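Chain nomenclature is as follows: A, B, C and D, assigned in order of appearance, with residue numbering initiated at 1 for each chain independently.
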């Protein structure tokens, strides 16, 4: 036996892409709602048994858009705008870059990208402290 | 007792008890029958009879056309139920593995959708036969408590087996336990109800066929 | 520090609001809550106090602890564990001997009535419980003592939940699960041999977040993870439905990934999340690796027939009972035969010489 | 008079054998035997279902010969069999069963219900629950030699008439003849032409035959009432006479149950095989036909049908012979829809016609035969049983049907080649 590939076990992926189609319909509804009321929504991809075919269909249909960002907090989080503006693909990873959770978010901008008030105020304090040190030094 | 314990009991001690009662009872029934003996027939038999006991064991399964017409509901529902019951019993994978584990011989199963359809047909046929028993004046007149008990304990394994296969109760473990227990109930009551006919009808047909065959008649 | 909220703790560790939101979103996902609940989780986390947790190990193999700690890198689970105050765990704690026991007693005193007890392992009762003692105290005594001040007990693993391996026949130590000793406290069973790590952490997360026990099934298991059978969520289920079964571990069917029912898979009667959550960071689970489910998260799984015996086959052989029954049947049959023969012979003897007078009363 | 319940039950204990046990063990209460019984089909009354008629015997079997039944009886859960019950069952066991055997052919599990009714009658007879008219008939057979009380003198008178008519001698008590012919009293009294027909056919065919003055009556009321000892005594008379005359064969007359009594039950009733063989007259005639000794001329032009006597076909195996014989003399022979071993009874066999109280039921049950006949559009019905013939005549008359009845032997005799 020269490698794992020689072991005669075929792992069959559960077939079909019915779940991806359901997700795409849900995205359609969420986009309509966003345009009508300004309120978007979020879909937890981890809560669905998605097959390889499901992922392929989702990726092929949604594609890559203009924005991609990485949030580095408790491990990387990839934020990618799909080719459908307003539809965001969020992948939360841990420090070992293992996927912890995956969401499709529909909105003008994902909540997690926006700076939070307490982080901004923390930052402001840090800036002031830095300026003060600068001043002291200067 | 939780569902798993019930299932374990039904697959262990329950099955042992049921098998034992069934075999004990059926063997006893054979002794009860044959102990009564039969006088030899001193009248010379007709030579070259078209009939015999062995022939009747087979031929009695095929009714004459006028007989069929007069008892069409009884015969149709009876046939569908009996054939369906035995197909489901003998040609589903879990049952074959059971037989294989007990008697050491296995055989190929039928495709699941086929067995599934057959099970539905058998269930419907049994419901029809019950309805007929309740509505037909002769059957209603002849039927006693034991007849309805026999129907029930035969129907339950079919119904619960179908339900288990299709996961029709939220808890499959409980459903499977109920199914196995219903079969065990059937086995326990088998020798003490009219269900004994499964075995004794071969004896009855043989005696009948021999009697007629002796006289040169195929019955 | 003990009175810190979860949010405060995370911020103290330098985690930003974004990280907190991520943590809450992942927790909501883990708890199988809709994404819209992430905000509610965040809100709860912002005010939840870190609970005191005491982990008791009885007759066990440490597999459950292994399962929980064998994450090679800091994960959300480990982070979550960092947020609880694990005040006593014989295997993990640094302290030993009397110091360890003192730590436990101190933790109990400080949080009397509010701490969580996590138990792995079953409790031996035979011969006064002498088969498992710590510091001269039997497991039974320890459990009773610690449970008294507990808010709730989480039975980690099948041994604590249902007795597990020590409970298997012939059960030489008289082992019992926690639920047979403690009857006046809420108990959550997280069975499995071992349980899936995320299931353990999710139960803690739920308690942490909402301060309540998750919804449980009839066997005390959280419905969110044990609500469905392995079979129902198994990717090989279509083969079962089509009647395609592997007959041995190296046949065509096995190579084609067909259903393992005939090879003893207990998936249909086993409730767990393996088929969806999988193991080792979602890599695989037994059936995907070509081996049937053992049914490890169910009561009595050691005694439910061999692991390689089909679910529909007898647990104990029936041949003995059958032989005995046939022998008894033959003996009774002979007795009935003699009785029937005698009765018939008597009837023949009593046969009168019949005249036409015998035809009328 | 000494019939008692205990004697009856004791007879049943003696009669119940392995076949009966297998039959009762197998019944599934499907009710198909009802549709085989003309007393049910013509009344639609479920109480005439054949298996129901056996209920007292079934209970006795269960209570006395099965372990579960014995336990039930011991626990006081078994319903005992009483005189009242047997009396209530008498019309079911006697008046509404002609022993035709059709139910035995239909039962899907193979129960020979007729066999069981025959055995049940053993118990009914000795417990005093047989119909009074049948009891009287047995009385006359045993004491006078014939159920109708026909004495030798009456027979001799009929023989003289037939001898005058045919110009032939009817041999009596001829030592060493090949065949001993028997008669039924119905033939002697109602159809004496049968004697003349025999004389003419045997004369033409060169058959060596005789009648016996000691045993001329073939009918056996002991079989009908179901009492083996008395039936055996009646059979024994014939056996003694036949063996004394040293005949090779005894000819059963055109009478169904006489054939059953002599051919099938006789050796078992007397407990030994005969030193002669028994043939039905139709079997003998067919044999003569085959060997070319029976020659006929001309054919009956009008359409005719044949009524199969149950004891001859279904319970006796004489099926093809009458058809071959009719083939010689009938130009337009029409079979009934169900015939041969699947025939329908005339409604009066098995002692039913001997019982006054069964008369109305017997006429009702004739509707089955009526329906069969109406489909055929025949003017003549041939049969080979004097009892069937009388019962059919009553039925035809009662239902205002214009069909001529004739015995097959007579019809053959009428068409003998000169």
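One rule holds for everything that comes next: contacts are C-beta pairs under 8 Å (C-beta built on N, C-alpha and C of every residue); 3 or more make two chains touch, one makes a residue touch a chain.
Keep in mind that what you see is a predicted model, and the values were worked out from it rather than measured.
Comparing the centres of all chains, each the average of its CA atoms, the largest separation from subunit C belongs to D. When the C-beta contacts at B-C and at C-D are tallied, the pair with the greater total is B-C. Think of the whole protein's Cα atoms as having one middle point; the chain whose own Cα middle lies nearest to it is B. In this assembly, the C-alpha centroid of subunit A lies 97 Å from the C-alpha centroid of subunit D. Centre-to-centre, using mean CA coordinates, subunit B is 40 Å away from subunit C.
Per-chain Cα centroids separate subunit C from subunit D by 77 Å. Annotation: 61 Å between the Cα-based centres of subunit A and subunit B.
The multi-chain contact residues of subunit B, meaning those touching 2 or more other chains, are 28, 32, 34-37. Touching two or more other chains at once are residues 332, 336, 340, 344 of subunit C. Listed for subunit D are residues 16, 65-67, each touching two or more other chains.
Annotation, chain-chain contacts: A-C, B-C, B-D, C-D (touch as defined at the top).
Across the interface of their complex, subunit A is touched by residues 15-19, 21-23, 25-26, 28-30, 32, 34-36, 38, 72-76, 79, 233, 235-236, 238, 250, 254-257, 276, 281-282, 288-290 of subunit C.
Contact residues of subunit C toward subunit B in the complex are 218-219, 229, 231-232, 241-243, 245, 261-262, 268-269, 298-301, 303-305, 309-322, 324-326, 328-330, 332-334, 336-337, 340-341, 344.
Subunit B makes touch with subunit C in their complex at residues 2-5, 7-8, 11-13, 15-17, 19-28, 30-32, 34-37, 93-95, 97-98, 100-102, 109-112, 167, 171-173, 176.
Taken in their complex, subunit C has these residues touching subunit D: 332, 336, 339-340, 343-344, 346-348, 350-354, 356-361. Against subunit D, in their complex, subunit B makes its touches with residues 28-29, 32-39, 41-44, 46, 49, 56-57, 60-61, 63-64, 66-67, 70-71, 74-75, 78, 136-144, 147, 150, 192, 194, 196-197, 200-201, 203-209, 211-212, 215-219.
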